[in-house]
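Just below sit the structures, each encoded as structure tokens.
First chain A sits with chain B, and in the next complex the same chain sits with chain C.
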Partner chain A sequence: MNYHPFILPFSLGAIFLFAVISFKFILWIRNLDRKQRYFVNKNIFSFKTISAFWEVIREALIHRNIYKKNPLLGYMHMSLAFGWFLLIVVGKIESSLYAGTFFEEPWLAIFFKYFAKEQHEFFGAAFFSFAMDFLLLIVLSGVFLAVIKRFISKFVGIKKATKHNKFDRIALASLWWIFPLRLLAESSTAAISGNGDFLTGSVGTLLKAIPVEALELPLWWAYSSVLCIFFVSLPFSRYMHIPTEIVLVFLRKWGATIGEQYSGLTDIQINSCSRCGICIDACQLNFAASINNVQSVYFIRDTRYGNLTDNVANNCLMCGRCVEACPVGLELTLVRQQLRNKAEIPGKHYFDYSQAKTIKDKTDVIYFAGCMTHLTPTIIIAMKKIFNEAGIRFWFMDEDKGLCCGRPMRQQGYIQQSKDLISKNMRLIASSGAKLLVTSCPICYKSFTEEYVLDIPVMHHSEYIKTLIDNKSLKLNKTDLSIVFHDPCELGRGSGIYEQPRDILKQVGELRKCSLEREEALCCGGSLANTVIELETQIKIRNHALEVLTESKPEVLATACPLCKKSFIHGNKAKVMDIAEIVAENIILQTKIKTLTKQSMHLTKDLKTKIN
Partner chain B sequence: MKNWGFNISKPRAIDFDTADTSEYSKIIEKVPSAQRCLMCGACAATCSASNHIDFNFRNCHLKYRRGQFEGLAEEFDKCMLCGKCKLVCPRGVNTRAVIYNMRIFLNDLNYKNIE
Partner chain C sequence: MNNKNVIIIGGGPAGIEAAFNLANNDISVTLFEKESQPGGNVKNWAKLFPDFGDASVVRKELTDKLKHNNIKFLANTKIDNLKWENNNWVAITDKDEKHTADIALLATGFEVFDARRKEELGYGIYDNVITSVDFEEMYKTGKILTTEGKIPERIAFLNCVGSRDEKVGNHYCSRVCCITAVKQAIEFKELVPQAQAYCFYMDMRMAGQFYEELYRKSQEEFGVNYIRGRISEAAVTMDKRIQIKAEDTLSALPMKITVDILVLMVGIESSESTLKLSTDNNIVGPYGFAKSKSLFGKDNYSEKKGLFLAGTCKRPLTLPETIADGRSAAIEIINYLRLLDEELGI
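Moving on to the complex of A and B:
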């Protein structure tokens, strides 16, 4: 039997790792909520499982997403993950061929060079020997890059790297040492028995200069011990993301999503964070307001180790820039929302407001301005004008006594209160019998589309105006106004509406580009989700965003959110207008034309009768 | 005695020697801008909730500052956290954060996940 006591640290570490990971996975999967279980049961035997396998290969091994962000960073991850994976697989095949059975000692593949000292002849021995050295070289190049990255993070395109805790440091240090020690151990054996290939063989020749016989066993012991340290620290460090991410990919493919309450999937997402720190670079609180201890990576870390403070939980604009940037695709804002969740008092109704307003005459369209729009009344005036010009009768739902849509409550974690408001609004909408709900506020729009159960379509006013223009109910003047469009967070990243507002603006004036737009658009700083930052910080964020938006010196800064308008208007950089206002200003007045033509027709009729 | 519908109101003087103002200093710590409040009442004027029901944030703020916590927790439950008050404040007070933190301090039990 191929045995030596130095395999013990490795074997014990591996058993420990396997036990802890299995325990955690079983716990998390048991904690999945009902909806998540339903999707798992429904899709587990479908093609989605196959596509999940493919995604695991693509993301967990080859790291295509990181590759797209930065090729060097992608190579680093690929060489470590894919390289190590191949080392294990190829090593296993090599040792099985050597032993002549698939069920050889499990540690044989890991310490193959030590046990297979004598010249051995089996199928493809030379090829395997070469392949293993080549793969080791690839992995070592990854380690080399990782060491450089630790000290000069700009080298791989990261401006601000994550600050790590002690578990991460232990795991990281052991990870760095695994492959150099493997190289040295294999080379020392190669120096003695001459079983090395191009890499281990040549390093072995160099090692001959020193008394290598005395070093061989200590090196193998060190290699095994370092592996043990890495395995033991893995489940408690950021490297837990390696096994957890695979589970996450499968669950995501099967359709499980994060709900309102903390569940097993939240645990899985939290543990899938690799703390790469890409979210730090994406966060405006970091680069515009120099707050750098609250970003998603720290939020997730603090949640995982159970020392989350309310400062970290609440200090977030929920703009979704980090969600867009995250290479693992974690639903960071939703996780944050879950952790802000407050206890519920069962059965209590919070808002015993009498019915806000009852509908008098039935209309086809409901207009819901939203609380914020009431503070920017020009948007309401513009919308009224647009409705009138298009000849559409509408019911102004929150003209006088409106209720909040419930999203601000939800973002602070008052789920039950939010549901209370939602049910009140839903009853009102259902009673109206209308066929369409138009809102001016992206916050309300997101709430209506995601949290309400409505049987009528919901449109943001930019979508609605676009349809009005498309079916020729509205005609617009083309001017030479230069416009830059600001994507509101809840409309763009939140609801994926990028094109409609741009299409409208192109019809009215000249739409200019901005360096950060669409998915990368900046937040205006006015977000309601943050209850920690004060006006001074908001102004810093707003000014930075304004600077980016007005790079091309546009005459008008257009937006589609009353809250963004309200934030930007005090920046005094450019004229800030809502899309509805710009459209209302440039409508070719059809009602006027119609009445004029009607009048002239009457006149001609009169004249004709008079002449006759 | 016949019920007039009127009666003599109880004395409402606040004894600042016994009033508990320590709770308010916690709010100041969380939301420093609350110190800037000059009780103008713009927040109460714009409030969506006060459109429906008797709710006055300015009043609540004043009561909290003076340590009169009676009935305040129920009062804050009327707020929809819509944030209009924050936008109209002429002194740039993050009134929404003030309400949010007051709610949490008044009802610690409601805040289970984060200590």
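Moving on to the complex of A and C:
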């Protein structure tokens, strides 16, 4: 039997790792909620599983996403993950061929060079020897980059690196040592037995300069020991993301998503965070206001280790820029929403007033302005004009104000209270008999589309105006007004509406581009989701966003959210208008056209009678 | 000293008063005013607090002082640039004319807050939402009417529009609006005694002489209602009245009230010229006002040699304070010039 006591640290470490990971996975999978279980059961034996396998290879091994965002960082991850993976796979094949059985000692592949000292006779021995050295070289190049990255993070294009805890540092240090020690251990054996290839052989030749016989065993012991340290620290460090991410990919492919309550999937997402810190660079609190200790990476980390503070949980605009940037695709804002304070609102919250409304006469369209739109009444006036000019009869649901869609409460974690309010509103909407709900506020829009169960479609006014233009109910003047469009977080990243507002604006004026737009658009700073932000911080974020938006010196800064409009108006930097206002200002009045055509019809009649 | 000359930017109360006192001391003064008439913001006012003095009388007293032989008054002249060049202050007008002097005095004053920035209050959107300046304009006609020409049954005054408001970035108190609201509420009640007047406030800051008495009188004799709370939104009703949503913070209850006219007591902000010229000369302080060298000893001095400050270009002030500050600036300039002469041994 190929045995030496130095394999013990490695083997014990591996058993420990396997046990802890299995325990954790079983726990999390047991804690999946009903909806998540339903999807897993439904899709586990479907094509989706194969596509999950493929994604695991693409993302967990090759790291295509990171590669696309940052090639050097992508290479570093790929060389480490995929290189190590191949070292294991190719090493296993090599040792099986060598032993002539698939069931050789499990550690043989890991310490192959030490046990297989004599000349190999099995098929492809020379190829495997070369391949193993080559793979080791690839992995070592990744380690080299990782070491450089730790000390000069800008080298790999990361502006602000994550600050790590002690488990991370232990795991990281041991990870750094695994491959250099493997190289040295294999090279020392190669120096003595002459079984090295281009890399281990060459290093072995160099090692002959020192008393290598005395070093061989200590090096193999050291190699085995750092493997052990890495395995033991892995489940408690950020490297837990390596096994967890695989589970996450499968669950995601099967259709499991995060609900409103903390579940096993939340744990899986939290443990899938590699703490790469890309979210820190994406966060406006960091680059516009120099706050760099509340970002998603820290929020997820603190949640995982059970020391989440209110400040870290609440100091977030929920703008979704980090979600867009996250290479693992974690649902960061939803996790945050789950973990926010769920305390009862003191006092009564019966929302009786929302039911006290009566609907006078039935109409086709409900208009829900939203409480923020009531603070920007020009949008309401513009919408009324648009409805009237398009000849649409509508019911202004929150004309008397006081109604709320429920989302601000929800974002702050008052889920039950928000549900109460929503069910009252749903009954009211159903009783109206309308066929469409139009809202001016992207926050309300997201609430209606995601939290409500409605029989009728919901449209943000930018979508609705677009359809009115498309079906020729509205005709617009083309002007030479220069416009830049600001994508509101909840409308853009939140709801994926990017094109409709731009299509409308192009019909009215000259739409200019902006360096950060669509998925990359900045938050105006006025988000209702952040309850702890200081006014000064909000102003910094707003001013920075204004700076970016007005780069091209447009005459008008257009937006499609009353909250963004309010934030930007106070910035005093540009003329700010909602898309509805711009449209309302440029409508070619149909009423005029109609009366004109009527007049001309009368005229032709008169003419005809005269001729007759 | 009598061969020295001074340029004064701003023909409002501070600028005129300084010009007159310098002229009386044989110093030749050039006074620039961007508008066609002198008087600054006093022009907008009908009667003045706290004694209901006629603003036009005060303005005439001031403008008469410009007839002094040593004063050259240039109306319709906006100063675009002010800079220290070859040991002189040089003012460049919008017509590109250069004026050179030993001393420059900044008296560029204030502008009222643009109430359209608080869109939720409906100024510029609904007809019957007006500002305190619009109220004065209307009062000069002797009538306070809605845009439909009706006599109002209810009027509301809202304090702190653009002052003490984090959202618009102005943390400071403008100091004059509380007492102006009291004054205007009384004026309104004198014109329309049967109507109701409401005044929404955060604190009634009655810190001047006779202010408190006037506040009390407005309640006891004129029945003005004071409600502690800000108005959160205004909307228009079918009959073009203004519906207000507010909170009565003393009874901790939300309230809705419909009025015929809503008057916004707009605060004081640094004027465009104050901001531009003090920024250019690196003497800009918080909120874009010009910063004096020391609040106590050198309040008419700026950090720049030979550049002096007077009036509301420094901070919100009442009219008597502004006039006194203009006079004070004149004395400081005279002292400064005398010292210069002594140094040069003239």
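Methods note: the second predicted complex is superposed on the first by the 582 of 612 C-alpha atoms of A that agree within 3 Å, B and C clash if a C-alpha of one lies under 4 Å from a C-alpha of the other, contacts with A are read in each partner's own complex, and residues count from 1 in each chain.
FYI, a contact is a pair of C-beta atoms (placed from the backbone, for glycine too) under 8 Å apart; a residue touches a chain by one contact, two chains touch by 3 or more.
What you see is a predicted model, and the numbers here were worked out from it, not measured in a lab.
Chain B and chain C, once both complexes are superposed via chain A, clash.
Of the two partner chains, chain B is the only one that A:A313 touches; chain C does not reach it. After overlaying the two complexes on the shared chain, residue contacts for A:P377 are found with chain C alone; chain B is out of touch. When both complexes are overlaid on chain A, the residue A:R340 reaches chain B alone and has no touch with chain C.
Of the two partner chains placed by superposition, only chain B is touched by A:T531; chain C is not. Of the two partner chains, chain B is the only one that A:Q412 touches; chain C does not reach it.
Touch criterion met: A:K566 reaches chain B and chain C at once. In the superposition on chain A, A:C404 contacts chain B only, with no contact to chain C.
In the superposed pair of complexes, A:Q295 makes contact with neither chain B nor chain C. Contact with neither chain B nor chain C is seen for A:N271 once the two complexes are overlaid on the shared chain. In the superposition on chain A, the chain among chain B and chain C reaching more residues of chain A is B. On chain A, the surface touched by chain B in one complex and the surface touched by chain C in the other have residues 374-375, 401, 535, 566 in common.
Residues 30-33, 46, 48-49, 51-53, 77-78, 80-84, 86-88, 92, 94, 96-97, 100-101, 104, 109-115 of chain B touch chain A in their complex. Against chain A, in their complex, chain C makes its touches with residues 117, 119-120, 122, 125-126, 166-169, 232-235, 245. Listing the residues of chain A that touch chain B in their complex gives 262, 308-310, 313, 339-343, 350-354, 356, 371-372, 374-375, 400-404, 406, 408-409, 412-414, 417, 421, 526, 528, 531-535, 563, 566. Looking at the complex, you find that chain A touches chain C at residues 374-378, 381, 401, 535, 539, 565-566, 569-570, 572.
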